Each structure stands twice: as structure tokens, then as C-alpha cells.
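Common to both upcoming complexes is chain A, partnered first by chain B, then by chain C.
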Partner chain A sequence: MSKVLAIAGIAIRNAIRSRVVVVLLGLLLVAIIALPLTIKGDGTVGGTVQVLLRYTLGAVTLILSIATLWAGCAAISTEVQERQVHLLVTKPVYRAQLWLGKWLGLLILNAGLLALAGAATYALLRWDLRQENLAQFLVAQRVVKPVPVEIEETARKVFDEQKRRGELPPGPPDQILEAIRQQLRQQAYSIPAGLARRFVFELPNAPLPGRPLAVRYKFASSLTGKDPVGCLLVAGAPDRPDRFQKPELTAPAGVHLVRIPPAMLESNGMLTVDIANIHPVPVTMIFAPDDGVQVLVQETSFEMNLVRCLLVALCQLAFLGALAVTIGSVFSLPVAAVTAAYAVMLMNIGGYLQTLTTERNIFGSGDTPGAIDFLLHLIYVGLFWLTKPFQQANPLEPLAGGELIAWSWVGSILLWQVIVAGGAVALLGMWLFNRRELGLPE
Partner chain B sequence: MKHFGAIVLVLLAVTGFWVAGSMQQPLLQARRDFHLTRGEPLENTPPMVAFTTVALGGFRGIIADWLWLRSSQLQQDGKYFELVQLADWITKLEPRMAQVWAFHGWNMAYNISVLFNEPTDRWRWVRQGIGLLRDEGLKYNPGEARLYRELGWIYQHKMSGNSDQMNVYYKRWWADEIGELFDGPRPDYKNIPPDRAQRMKELYKLDPALMEQVEREFGPLDWRLPQAHAIYWAWRGKRYATGFDVIQLERMLFQSMADAALQGELFSNPVEGVFIAGPNLALIPKARRAYEQAIAANPGESGMQSGHRNFLRTAIMVLYTHHRLAEARDIFDDLRQRYPAAELNQSLEAYIFGRMTEFLRDVGQREAIDMIMGALQQSWFWLAMGDEDQAQGFQQLARSVWREYMQTRYEKEIAERAGLPPLEQMSEQAREAVKKQLQSDAAKARLVKPAP
Partner chain C sequence: MSEPIIEVVGLQKVFRDFWRRPKVKAVNDVSFTVKRGEVFGLLGPNGSGKSTTLKMILGLLYPTSGQVRVLGRSPRDVKTKARIGYLPEESYSYPYLTSQETLTFYGMLFDLPAGERRVRTEQLLDMIGLRHARRRQVGEFSKGMARRIGLAQALINDPDLVILDEPTSGLDPIGCRQVKDLIRALAARGKTVLLSSHLLSDVEDVCDRVIILYNGKVQALGTINELLEQKTQYRLTMPEVSAAGMERILAAVRAELGNEPTVDHPRRDLEQFFLEVVEKARQSTTEASGVGPASGVAKYLAGDEALQHLVAQPAAPVPLTAEQKQAADEKLRKLVEPSK
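Now for the complex of A and B:
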């Protein structure tokens, strides 16, 4: 381990000596200071906070990602090209240790720069908006979805009943059952005029008493146009005489937030929310099952959320570093840089790859796919699964939006991107580097 | 002399830059001379725009597409905070494409604003839309009639019209803002303090010299109300308009004129919380003329004629209820001659009575205010004249309309947005308006009596 640390130390010293660190610090500083001066928010303090966090930290991670890719690719390839590696391999150092040392050097450098940038961003945000009360915007709220409505049993009953009567429409039974499920789901999350629906939330780890609670909702209206719909939101245990009530004339398609007194939360961590459609004109409110109605509860401090966000970013940089060092240990710097950039691009088009996996006729225009179509399909499926661990949401979105970055998420990124994917890439890199012939005549 | 080659190359580069720079002005002039562009060529372009349009070359389209996709996704997800910045970047990437500016201005003022429940939030987005078009879009495209039209439309339709349920708030806040620029409905054009003139130009892009011209042609306008601004921007855009834009801007002019005639004078007293936009009767002849000119210029446009007919019908009612009988009769004759109809084959008085009955069935907020204010002024006028019966009749009419209208708008939320001010408050306004017109002390003294 001491050899790995020594190599990492040399890598860091080289980076400092070659002014890479100074240049990076300069770029980060420019991003942190200049961006807030040029970026336009939506005119609200909350908007300014979100846009500052999103863009400043976004620019920081982008700069560090590009630098990591470049430095990672250069770490071994330039040593090979300039023949410095010949000195190293004659010493009692394994090539795997050399690989690990280079990667660790990059990781330590990234961790330091990320911590500095995070702290500077936070300090500047506080300084920029020192006149404002930021407590309500710098939050970390857990987003809780309602307990799903049980529809499976009803769907099967409807299916069996239709089958018994011989009223099943033509088609495969599983598709008919799925259609029944969808219909029931839509009914369960729609509120026709004059009716109400109940949404029950089970808050994991009952929040501390007094912590702010809010209901966030979004719906579509059965009417065309965007005329507001009158509704009544009631929260609290159903048997409580003093349930919280708020009538709203609310716009469809918009995202609306209603603060709920923390006292409305039951002692077992349950929150019941009823929404009644009280609009005088017949109109149905249609909620999406996943994000139609959600409860937001303050869970930890913004500062802790920022740390988690930076940890996720560091994990992503750790993988990028591993990928770049591996590619750099096989190819020369220009080839390695282009290859690494291509790999990163593939990792970022997960949505497109997923669409491609559903296509069968990629080349052919006929009904039956050909051999090339089959081959391409296999490639797309392979690529999709290969890049799946990297299709996770950007941690800056929840941080800026005041949503919690759960430890479970940080853990899953650490497990899949650093340990599993990074480990696999590392093993591949060490193996390839070990097999590489370094003393070839030119 | 080992650097000789490098020195020669540097000199060549410097010479090249100098030659390119010196050709800039003649080229710009040639573009103007040969009418190669609809707008003025951009000069002194901000560095960011120059960079994006020149350095990025064809790639800027791809970047703009990506930003546009992100903007649409964020809007769909209800994450609005970034949209102003994205719209700014997208438009700066394609600064000479008027449709891009028009889309984003409209998107903010119309699509995003209505996603909010609070009037302050909605107003912020309407302002963002106006700001993007007026402060940025027109700066880069000063000759694009379409942008004038889009900007004027926000004033005419979004703010002045009543399709948005929060329009009352927009009008009030806009009046508060513009009211700070000058005392009363319009500036004293000869004596605008320099700092005010500068604010008008820099913040609101209102050029006092142009405002005065608009005032001469279409006024007297109350600039605290959005109709005046719709007229101003439509008038400014007309000089650049070709094809369909000409008709559109003409429409905006006469429709806003009609709107200003029927709803273009503000009675405002912030201390009392009074905000009533009533008819600006002095504008009716000019609005008529604007319609007539537009119809003469576009004889095939049946929509214009039907708009004209409706305007004349409403104008008769407004003039009659404001005791401008001669003018009401004049328009009635004109209407009968231009658009013959069975309902016009009767006396003016019988026509008015029939319309009143019809009117009460499906009356809108602004018509109700017009009607009530007119009836109340009539009532005070006849009281001042000593005819208590007539005064009583008009008072009764005002009460009936107020009661009828509010009967279906009693709920607090609806009353706040679409309701009427208290009748007593309107009556007080009407009394003050009548008092100003009276000459004799005896007549004025009769107005001290309580409402009939």
C-alpha cells in the first residue's frame, strides 16, 4: 500500500508542479464567481438559489470530469511515451500498483478540488443572498409517494367476470389484463366533480416533531385549456376534528405546494391527505400515480445534503478516473482521449439506447428483421445493460430542488459505479497494462 | 533572423484583421442599400452574442436544440427556475430569428404564467415575456414587425383582455408601475424631468417623442392602462410590416383603440383602494376613424366589419348612459346606414331599452362597470339638474345591473377576480366625475345630497 501511496503522492506533486492544479483551481474559481454574475434566475429568491447551485456546481463537475478524463488518459500513456515508465518497471513495483497509484492520485486531487469548490459555492451563495431568509430554500426534504392503491385483485376479478360472461375482447389475455389494470389505476387516481380521493402516506422514519411538511401536487384537467379548478385539500388523521383544510383554485399542469402543519402527522408516521374536487363546472382532476401527489418532509440539513451530493459526484469522478487510466494504459494519449470521450458519450445516451433496444427492424423495412437487425439489437441491448449503472439522475437536480439525497443513493452509486463498474475497469486496466510490452523498438 | 517567418505571419494576420475590420462598415452599408435584410444590421453586438453567432458557426443550432429540449422537459416537470436562463441562451444563439424570440416571449407570458395559482407568480412570468421581447428581442431585431405584434398582443390580450382570470391584478400592478413615471394618465411631454425620461426609455422602452406622436394620432390615452401600450407597439411595428403583419397590426390598433374608448380611463385612488377602468369617451371618434380606415384599406376583411358593428353598438350604449345623446344618435344613424338590421328600425330609445334587457342576460365585468358608471353619472347629473325622478331611474338601473351581475359572483374567490367594486364606491367616483364637469355652484350644491 505504501508503494501505491508513494506513486499517488508523486502523481499529485507532478500535477501541482506542472500547474495543472493551479489551472484547474483558476477555472473552478472563475466558474464559481463568474457564473452567478451572468446567470438569470426566474426573479425569485428560491429560483436564484436553485439556479446558482445547479449551474455553479454543474460547471464545477463538468470541468473536473473533463480534467479527470484528460489527466487519467495521460497518467500512464505519457509515461510510456516519454519512457519514464521504464525506470519504474525496473523497480520492485507491480504494474497494478502503478495503475492504482495513478488512479488514487487523481481521486485525492478530485476530492480536494471538489471539497474546495463545494465550500466556496456554499459560502458565495450565503454571501450573495445574505439579505434574504434562506432557511426555507436551503432544505433537504424527503419525497414520499402515496401508498399505492391495490388494484391487482380487482383487476383479476374484473377479468374473470368478463371471461365468465364471454365478454373478453379479442387479444392475448395478459394484454387484456394489463388494459384492465390501467383503467382501474386511472380511475383510482382521478377525481370527478363533486367527489374526493384519499391519499395515504407512510413516512419512513417518523420525522421529528415540528419539522415542516408540505404536499406537492400536479394534475391534468379533463377540460381543454388551462382554466383553474377549484379543490379542497384536507390533511390529518380522518378522525381528527381539527384537520387542516385549504381550498385552492388551482391551475392544471402546474406544480403546487401546500404547507401542512406538522401536527397533522400521526404518531406512527402516517399522513392522510384528502383532495375533493369542488369545482362548480363538471371537470375531472387526473393525477399521475407516481408524482401526482407527494409529501415533502424535511429530513436533514442542506449542508449534509450538499456533502452527499459531492460524494456522489466524487464517486462518478472516481469511475471516470478508472476508465481514463485504463484506456490510457493501453493507448497513446490522443487515441485514449478520443476513446474515453466516446465511452462517456455512450454512458450519457442511456435513454436513446433504451429506445433502440425496443426496435426490432433497425435496417430493414420489411416485416421480419434480418440478421443485421438481430446483431444490432444484441449490441444495443448489451450497451444498454453495460451503461445502465450510469443512467442515474444527476445529484445536482435534487440538491437544487431541495430534495433529499438519501444515503441509500450514495451507497448505490458507490457500490455500482465505484466498486463494481470501477473495480471491473480497474482489473481490466491492470491486466491489460500488465500484458503490455513496454520495451518495443520504434 | 530565426523568427523572421513568425514575424511575417503575425504581420500578415494583423493586416488581415485590419482589412476585414475596415470592410465592415461598407458591407453594412451595402446590406442597407440593397435591402438585403429586413432589420438594421447589428452593430456593437455584445461579445456573448458575437461569440455565439460567429465562433460556434453551425454548431449553435445543435446547442440551441439541446437547450430547447431541456427547457421543454423542465417546463413539463414543473421546474421553472431555469427557464429564463435557457430562453436567454436559446435566443442569443439565434438572435436574428424572430420566431424564436416570439415563441419564448409568448411561452413565458402565456404558457408558464398560467401554471401558477398566485397572481404575483403569474405576473412575474408575464413580465418576463414582455421583458424578453421588448428589452432583448427588439434590440437584436429592430425591424421585425412580428416582434412588435407579439409584444403588443401581450398588452392587448393578456393584460387588457379578460381571458386570464388574474387580469385585474396585472392591470393594477402595471398602473402602479407606470403611475410612478408621471403624474396622471400621461406625461407632460414638454416638461418631462430628464431622469424620468431616461427611466421611460431604459426600463420601458417608451420614447417620449414617439409617445407624443401616438398621442396626437390616437389620444388622449391613459398610459397607466395596457391598451395605450398595445397601440404604441402596434404603431411602432407598422412601419416595418409587410404582408399579413400589416393586417394584424392594423387590427391591433383599432381593437385597442376600441378597447381604450370603452375601458381606457382609469379612476384610481390607492389610498382608498379604488381602481376602476371606465370609458374614455373622447376616444370614440378616433376609434371609429381607425376602424373606417382599416376597413377601407382591407375591403375583403369581413371580420373587421363585424368588429366595427359590435363596437358601434357598444359605443351607442356607453354614450347614451353617459348622457351624450347627440353622439349616441349620430352613431346610431351611422350604424343603421352601414349595417342595416331589423333591430335598428326603431327609435334610439327603444333600441337602447331592448339592448339593456339583452345586455343584462350575459354581461361581462368590463361592460358591467361601464354600464354602472354611466348610469351613476347620469343619476348624479340629473340630480344636479334638479330632476330627481330621472336621477332615481338611473340609480335604479345601476343597482339592478350591479345586483344582477354579482348574483352569480358572490363567492369570495370569484368576487375578488371578476367581481365589481362596491356600489357605494363607484357611486362616489361618479359623483366626483360629474362634479368636475359642473359649472354652477347651485348644481354642485345639489350633489351634496345623499345618493337618490
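Now for the complex of A and C:
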């Protein structure tokens, strides 16, 4: 391990003395200080907080990701080109140790820069909004989704009933069943004028008494335009005489937050929320099943959430570093950098690749897929599954949205991104580097 | 018979192009053995295959066929590498590290304890005359200074086998002399030295045996004497004699050979003359901007005290005191007496 640390130490010292770190710090400071001046939020304190967190930290992680890719590719390839590696590999050092040392140096640098950037962003946020009460915006809340409405069994019953009556529309049974599911889902999460829907929330770990609770909701309107819709939000056990009630006139675009007295939470950790559409004009409120109505429970301090967000970002940088060092241990610098950029692009179009895997008739000529369609399908499926473990989640969204970044999530990112995916890439890199002849003529 | 340190058998290296087609056969059926304590020279013109051979001995290239064993193991084995010191042809040090940090770093790669690392670093910096530049970054060094750091890093682990690629390249005559003295001092301690050089006089000065490669093949292999000695001619060196005495000697030679022998005055070695001039100049000044005064061989490399005394101040011979001269005469007399 001392050899790995020695190699990492040299990588860090070189980065500092070659002024790479100074340039990076300068770029990060420009992003942290100048970027918020050029981007306007929605004028509210909450909006400003979100913009500051989302865009400045987004820029910070982007700059560090690009720098990691470049520096990781250069870590070994430059030493091979300039032959410094000749002195290293003729010492009693395993090439795996050399690989690890380079990666560790990159990780330590990233950790330092990320910590500095995170602290600077937080300080700037506090200073910029020093006149405001930030307590309600700098939060870390657990997001609880409503207990899902049973759809599948009902859909099958409806399907069977229609089939028994001979009322099934023409078409493949799978598509008919899916259409029934969609219809039921829409009914379950829609509220026509004059009606109400009940959402039940089961809080896994009942929050401590008095801890702030809030309902967050967003909906689409059946009417075109952004005219506000009147609704009544009622929270608390249905048999309770003093249920919390709040009438709202809210626009369909945007996210709305209603604070709920903590006393409305039942002793068994259940919270019932009814939303009544009381708009005088016939209009239907349509909620998304996943994030239409959610309950937010204050869990921990914002500062701890920021630390966890930065840890997730560091895990992602650790993986990028592993990828770049591996590519750089096989190819020379320009080729390595282009290859790494291409690999990262593939990892970031996971959603598009998933869509492509569902397509059978890719060329769209004729009803029957041809050989090329089959081949392309295989390639897309292969690429999707190959890049799936490496696809990265964005920790800035929950941080900016005031949502809790749970330790379990940080742990899973550490496990899958760093240990599993990063480890696989590292093993591949070490194996390839070990096979490489380093004394070949130019 | 002393233990073989390097064994090369039927070594072949074929470089291939991008499509894996053979492009050039750089080394072709090369075999040789280097024994413990030998100073072995690897010679050849550019493109002869000596660098490729050296790189295969170091594990930087893999043989296409044939076998290389270094210290009884594969050259890629880390246990082998722990006993090797390598000075490459160019300075491949990190330019942003100071000379002290450079030596400390390479010492760490050999797992030297911190105390030992510090002592060796100090002694090596003294040995190469860069103590005053210990905090200067290697990137600011002249080529000669960088070579000296390269040499020091090759010796940090007190290696059993030292592989030196063009060790005197870029060094001034003082540095060259030091390196040659160092090589002899290492060999005297039973270390093995493999040397590749274009400077044939350097090789002739220090090597016990040489191999000459051309076009990837062995052209000659043997001791310096075997290869260079002209057994059909003699050279006679004697102290100054009178003109009449010389005439009598020449007459005797003419009578013996039947023709005129070549007679001239032996010249001083230019290297030795240069070293004397520089030493005089050095004694009259106190500041050094480049390489400072060197201190012979690092103590840990020189081994015992007697050897340290032998190799001390190799670049600047100092006249002996009367006592030292008497002691030396005594030793010489003892050495000569048995042959009487």
C-alpha cells in the first residue's frame, strides 16, 4: 500500500506544481461566483436556492468530470509517451499498484476540489441570501409516495368481464389489457370537478413528534392553458373532527407545497390526504401516479444532505477516473480522450438506448423485421445492458429539491458505481496494462 | 564458477505493425551470460538491437522467442526488480520533483525504511555533487545534472545488478570519470554491471567482457584483452634514458628484428590532465552553480572503509603524504616480492 500511496502522492504533487490544480480552482470559482449572476430564478427565495444549487454544483461536477476524464487518460499514457514509466516498472512495483496509485491520486484531488467547491457554494448561498430566512428552503426531506392504487387485478377483471360478454375491442389481447390498465390508472389519479380523491401515505419510520411535514403536489389540467384550478386539501385521519384543511388556487404548471401540522400524522405512521376539486368550471386535475402527490418529512440537516450529495458526486468521479485511467493505460492521449468521451456519451444515453431496444422494425420498411433490423436490435440490447451498470444518477436534483439523499443511496452508489462497475473497469485496465509492452519504439 | 546473473538464450524480437504483420527482426538469436561481479559491455551501432536486448532484460519488452533470466528469475518478477538498478538513456525523472524528492520517491518504491531512505538520499546527493541543489526541481537541471540524478536513483536500492544505458552521455569529463570509478567500485563489491555505450573508450576502461551486436546478431563476444590484444606485436615502456643508451637499445632491436621499430614519447591521458586542471581551479573558488564537489562513492555503496578510501575523490587525485607513500611502498613491495 505504501507504494500505491507514494505513486498517488507524486501524481498529486505533479498536478499541484504543474498548476493544473490552480487552473481548476480558478475555473471552479468562476463557475461558483459568476454563474449565479447570469442565471435568474423565478424571483422567489426557493427558486434562487434551487438555481444556485442546481447550476453551480452542476457546473462544478461537469468541470471536474471533464478534468477527470482528461487527467485520467493522461495519467498513464503521458508517462508511457515520455517514458517515465520505464523507471517505474523497472522498480519492484506491480503494474496494478501503478494503476491504483494513479487512480487514487486522481480521487484524492477530486475529493479536495469537490469539498472546496461544495463549501464555497454553501458559503455563497448563505451570504447571497443572508437577509432571508433560509430554514424552510435548506432542508433535507424524505419523500414518501402514496400507497399505490391496485390496478392490475381490477384490469384483469374488467378484461375477463368484457371477454365474457364478447365486448372486447378488436386487436391483440396484450394491447387491450394495457389500454384498460391505462384507463384505470387515469381514473385513479384524476379528480374531475366536484369530486375528491384520497391518497394514503405510509411513513416507514414514523418521524419524531413535531418534525415538519408537507404535502407536495403537481398536476395537469384537462383544459388547455395555465389557468389556476381551485382545490381543497384536507389532511388527517378521516374520523378526526379537527382535520387540517387548506383551500388552494394553483396553476397546473409548477410544484406546490402545503405545510401540514405534524399532529395530523396518525400514531401508526399513516397520513391520509384528500384532495377535492372545487373549481366552479368543469375541469379535471390529472396527477402522475409516481410524483403527483407526495409527502415530505424533514429528516436531517441540509448540510449533511450536501455532504451526502458531494459523496455521491465523488463516487461518480471515482468511476470516471477508473474508466479514464483504464483507457489511458491502453491508448495514447488523444485517442484515449476521444474513446473516454465516447464511452461516457454511451452511458448517458441509457434512456434512448432502452427505447431503441423496444423497437423491432428499426428501418421501418415493411411489417416484418429484416436481418439488419435483427442485427441492430441485438447491438442496441447489448449496448444497453453493457452500459446499464455505469449509468449515473444525478444527486443534485434531490439536493436542490430539498429531498433527502439517504445513506442507503450513497451506499448503493458506492457499491455499484465504485466497487462493482469501477472494480470491473479497474481489473480490465490492470490486465490490459500488464500485457502492454512499454518499451516499444515510437 | 561464479553464479550467472543474466542468462540470455536464443533471444529473438520481431516488431510487428498495426495488423500484426512482422515489420523488423530487431534481435536475432542472441545468447550470452553475465556472471556475478562482471562489468559487461553491450556494444553496437544505432539499430543494432542493443537497446531492444536491454529492454527485454528489463522486462520492458517481451521476447518473441528465446529466454531471458535475470538473477535466476523472469525479468518481470518484482523480486528480480528489487535487486536491479536501471539508468535509462535519457532522464525520465518527474520534472516537478526536487532532486531530494525524486530519490525519496524511488526509495519508497523499494520499501526502504524512512531512516535508511534519508541516509541513502543524503549520501547519493553528496556522491553526485548535487547536495546544494537538493531543493531544486529536476526540470530546471542541465542534462548532466539530470543524468546524475538518474544515476543516483539507479543506486538507491544498493542493487546487485546495475544496468546502465549510455551512463556517461551528457556528463562532463569529471562526471565520466566518477561514473567509471563508480562502476569499478561496484564491481569490486561483487555487483554486476551491464553497460551499453557508444563511447568505446569508456567501455574499454571499465568492462571485463563485451558483446558487439550488428543487425540484431552477435558479431563478437569476449574479454577486452581477448578481443583487443595484438599478440603479434609488443610495446616497451621505460623511463627516460640518455641518447646514447637509446641508440644502443634501438641497435639491439634492429639487429633482432631486421627493421626499424616505432619509437615515441607516451602522452598523458587527456582525461587525467583535464581533471587536474579543474581540481586546481576548484580549489581557488568556493561557490558552485552547477554540479558541486562530489564525495566519491556513497558509503552504503562503497561497503567497507578500505574500499571507500580507494574510491574516495576519484575525480581529483591528491598527492600522498610521506606516511601514506611509505605505507603504499610497503604494500607494493609485499606484492612484488613473491615473484622474485
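Keep in mind that, in the parts below, the second predicted complex is superposed on the first by the 423 of 442 C-alpha atoms of A that agree within 3 Å, B and C clash if a C-alpha of one lies under 4 Å from a C-alpha of the other, contacts with A are read in each partner's own complex, and residues count from 1 in each chain.
Everything that follows uses one rule, which is that a residue touches a chain if its C-beta (ideal position, glycine included) is under 8 Å from a C-beta of that chain, and two chains touch if they have at least 3 such contacts.
Everything numeric in this text was worked out from a predicted model, so none of it was measured.
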>> What does the overlay on chain A give for chain B and chain C, a clash or a fit?
In response: fit
> In the superposed arrangement, which partner chain does A:I39 touch: chain B (first), chain C (second), both, or neither?
Replying inline: first
> Of the partners chain B and chain C, which touch A:V51 in the superposed model: first, second, both, neither?
Replying inline: first
> After lining up the shared chain so the two structures overlap, which partner does A:A253 touch, if you call chain B first and chain C second: first, second, both or neither?
Replying inline: first
> Does chain B (first) or chain C (second) touch A:R198, or do both, or does neither?
Replying inline: neither
> Between chain B (first) and chain C (second), which, if any, makes contact with A:R211: first, second, both or neither?
Replying inline: neither
> So, A:Q84: does it touch chain B (first), chain C (second), both, or neither?
Replying inline: second
>> Just to confirm the value: shortest Cα separation between chain B and chain C in the superposed three-chain model, in whole Å.
In response: 23
> If you lay the two complexes on top of each other, which residues of chain A touch chain B in one and chain C in the other?
Replying inline: none
>> Under the stated contact criterion, what part of chain B meets chain A in this complex?
In response: 77-85, 88, 114-117, 124-125, 127-128, 165, 413
> Which residues of chain A touch chain C in the complex?
Replying inline: 2-3, 6, 9-10, 13-14, 17-18, 82-84, 86-94, 437-441
>> Quick check: in the complex, which residue numbers of chain A touch chain B?
In response: 39-44, 46-48, 50-51, 54-55, 218, 226-228, 230, 247-251, 253-256, 401
>> For the complex, give me every residue of chain C touching chain A.
In response: 15, 52, 55, 58-62, 78-79, 81-82, 84, 86, 88, 90, 92-94, 96-97, 101, 105-106, 108-111, 137, 153
